[in-house]
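Next come two complexes built around subunit A: one with subunit B, the other with subunit C.
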Partner chain A sequence: MVRDILRNLQKDFRVEFRSRFAVNIAVSFAGIVTISISLTAGGAPFPVKVQSILLWVVLFFSAMNGLAHIFVREEDQGTSLFLRITRSADSIYISKFIFNQIFMMIIGTVVTPLFVFFVGVDVIHVLHFIMSVIAGGFSIAASTTPLAAMAAKAGGKGSLFTIISFPILLPVLWISISSTAGALNEARPESGTVIFLLAFSGFITAISILLFRFIWLEN
Partner chain B sequence: MKHVINIAMKSVYVLMPVTIVMAFLWAPPAELLGDYSRIIYFHVPLAWVSVLAFVVSGILSVIFLLDKKNRFSGLDGKSFNSAAIGLAFTVCTVMTGSIWAKLSWGSFWNWDPRETSIVFILLIYIAYFCLQAALAGKSSRGKIGSSYLIVAMATLPFFVFLIPRIVWSLHPETIINVNRTIYMDDQMWITLLTALISFSVLYVYLFNLMNRIMVLKHRIGEHPHAAD
Partner chain C sequence: MSGIRYTLRVQDLAKKFNSTLLFKSISFSVETGGSLCVTGPNGSGKSTLLKILAGIMNPTGGAVSLAAAADIPPCDWMNHIGYTGPLVNPYDDLTGLENIQFVLKSGNYASRLDSLLRQFNLTQHRDKLVKHYSSGMKQRLRLILAVLNDPPVLILDEPGTNLDAGGREALSSFLDLARKQKIIVLATNEPGEEKLCGGGIRLG
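Let's turn to the complex of A and B:
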């Protein structure tokens, strides 16, 4: 199984970096939105809560542009049938999960410094801020991986992926925003928010592993 | 057995009027809220039935996915019906809750953690119906829809129990009486329990009705000229 996962990952990264479609779209979107926010604010400082809300809105919609792509591409190119025959559902799920986690990390690594620089965010608790972004990103990727498979099966129509993901991700976004705001305040931040995000990710991942074969296999 | 179940379901014709009479005429008004408190006999049972309907749809989805030999027919349709009833009851819960909030706190919407949670639940099930619509005509519709319902059911405890308890709330005990506890006298408890039973029976009645309509539609679909 480990060999299958590595082969899937190798294939996914090779195909992605040949076109760089998902990464280009997500990073370009994040860059445009961040610069637009900074430009329209004209250097005026935002309150801490607004800064964290804007950061997570940018991260969320950037992720929505690319996270479903890994499954939609398999359906569009007709390779999902080949994968269904040659690889187990578990190995497919784990490889797509790892791909989406790496994808989300790339988005977070590009967007967060860009946002901090352009919006003029003053990070007081740096470690907590980094942990919040990592844990929030991890939760988003973990929650959206099975939903991306569902949206792809439905034909990946328009904004269906965002519609079905948004309600499930709302608690993640809510807690991520409050956790990030905590890192920007003078008061000592609570680590419980990061633990909640990691626990939610673990919970959703466990259910997703159990359900994925029903989503992925036709009969 | 079927006859007994039918009679039990038809008891809704008696139970609902009895509940309305008890809620408006028999139960005494609460100390702090006065007659406004009577909305509790509708708001709480509606919220209870919403969660019950979503849990039933989730459990039916689990059975549907595990039933490889297809021993139970139409479980995906039944879970869809239960989710539809749950959604309708959730909308009614939000409406009665908003009226109660206006009477107690002065505004229809306050983004109280419980209000926020119910909106999250509402959005999850609206998303489920969007997904079902997008999957129309596909053979995988039942399995994917059921998988989404299971994910939705799994997140329910976070919304119903966890979030309202980790975030400060205006909602629970503070508005019932001056001692800031859920103290209700016997008449109030009996009325609330009667309302809970009535609304639960109403859910079973509607669920059964929708399932029968689904079976009839299916039969007409299979034999389009059966009426001729």
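Let's turn to the complex of A and C:
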């Protein structure tokens, strides 16, 4: 199983590296939006809550296309049947989940410092800020991976994925924004928000692993 | 391959898509060393039947079982069945060899891989990206991927599609040799391929 997961990951990274579709779109979007926000503000500082909302809007929309791409690509290129007869559903799901987590980490690592620099965010509780971005990103990737599989199987492209993701991601974004805002305020932030995000990811991941085979196998 | 004898058993198989009945009451049994050819007009359900046999699709009624010493559970069929069909597309952004390495289950098959590449005339193209392959070369690669791990059961949906005369000859000689040691089920409308099978069923 571990060997299968590693080989799936190697294949996914190789294919992504050769096309660079997801990373190019995500990084271009993040760069353009962050610089546009910075130029439009003209150096005027945003309130803490607005800074936090803008950071998560940029992270969310930068990542969405790439997160869906991991399953949509298999359907678009007609390789899903080949994958299905080669690997077990569990190993496929776990490798796609890990791929999306790594992708989200890359986006977070590129976007967050860019945003902090260009928008002039003053981070007071650095550790809590980093933990909020990591836990929020982890939750987004964990929630969107099974949704990407459903959207791909339904023959849907990006728009369907974004629409069905909204109700699931609403609590994640809500808590992520409030947790990040907590790290930018003077008051001591609550660690409960980070714990909620991690617990939510764990719950979604466990359910997804159990149910994925029903999405993946044809009836 | 080990000397274990396998039996592929099909009982009262039926498949419906919504209210359309594609086929019903299909029963047969094939043992190692036996082969079966599924023929029928377009849309008669040949590919669907083969997908059910390969464990990729669920039937509406009836049952398929694969038995050796004991019944093999459907979740483990993947390790015993080699399947290919027109919708099995290897990765375009990988080379032929990278696709093969992705499928290869054990390093012990390295010599078999070389012989298959030679047999299907892909040795000199193995390091090319699959997106630069012709449709005939892609079909040869599909066949290599299906038989690579030496599965005891081969389910081949229109294996001769897009092959030139050399490719068809390579396929015929491979099947001729393999059918003595394996169960082969193939769907085709090619008279040449039908002759390679011991028995046949016609759909539609």
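Operating definition for what follows: the second predicted complex is superposed on the first by the 218 of 219 C-alpha atoms of A that agree within 3 Å, B and C clash if a C-alpha of one lies under 4 Å from a C-alpha of the other, contacts with A are read in each partner's own complex, and residues count from 1 in each chain.
Basically, contacts are C-beta pairs under 8 Å (C-beta built on N, C-alpha and C of every residue); 3 or more make two chains touch, one makes a residue touch a chain.
The model shown is predicted, which means the values in this text are computed figures rather than measured ones.
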First, second, both or neither for A:Phe200, with subunit B first and subunit C second: first
Touching partner for A:Phe82 - first (subunit B), second (subunit C), both, neither: second
Partner contacting more residues of subunit A (subunit B vs subunit C): B
Touched partner set for A:Lys49, first subunit B, second subunit C, both or neither: neither
First (subunit B), second (subunit C), both or neither touched by A:Arg14: second
Which superposed partner A:His125 touches (first subunit B, second subunit C, both, neither): neither
Contacts of A:Lys153 with subunit B and subunit C, given as first, second, both or neither: first
Subunit A positions touched by subunit B in one structure and by subunit C in the second: 218-219
Sites on subunit C touched by subunit A in the complex: 51, 54, 56-58, 75, 78, 83, 85, 87-94, 98, 102-103, 145
Partner subunit C, residues of subunit A touching it in the complex: 7, 11, 14-15, 18-19, 77-79, 81-82, 84-86, 88, 217-219
In the complex, subunit A residues that touch subunit B: 146-147, 150-151, 153-155, 157, 160, 163-164, 166-168, 170-171, 174, 192, 196, 200, 203-204, 207-208, 211, 214-215, 218-219
Parts of subunit B lying in touch with subunit A, wherever the complex brings them together: 65, 116, 120, 123-124, 126-128, 130-131, 134-135, 138-140, 143-144, 146-148, 150-152, 154-155, 158-159, 163, 166
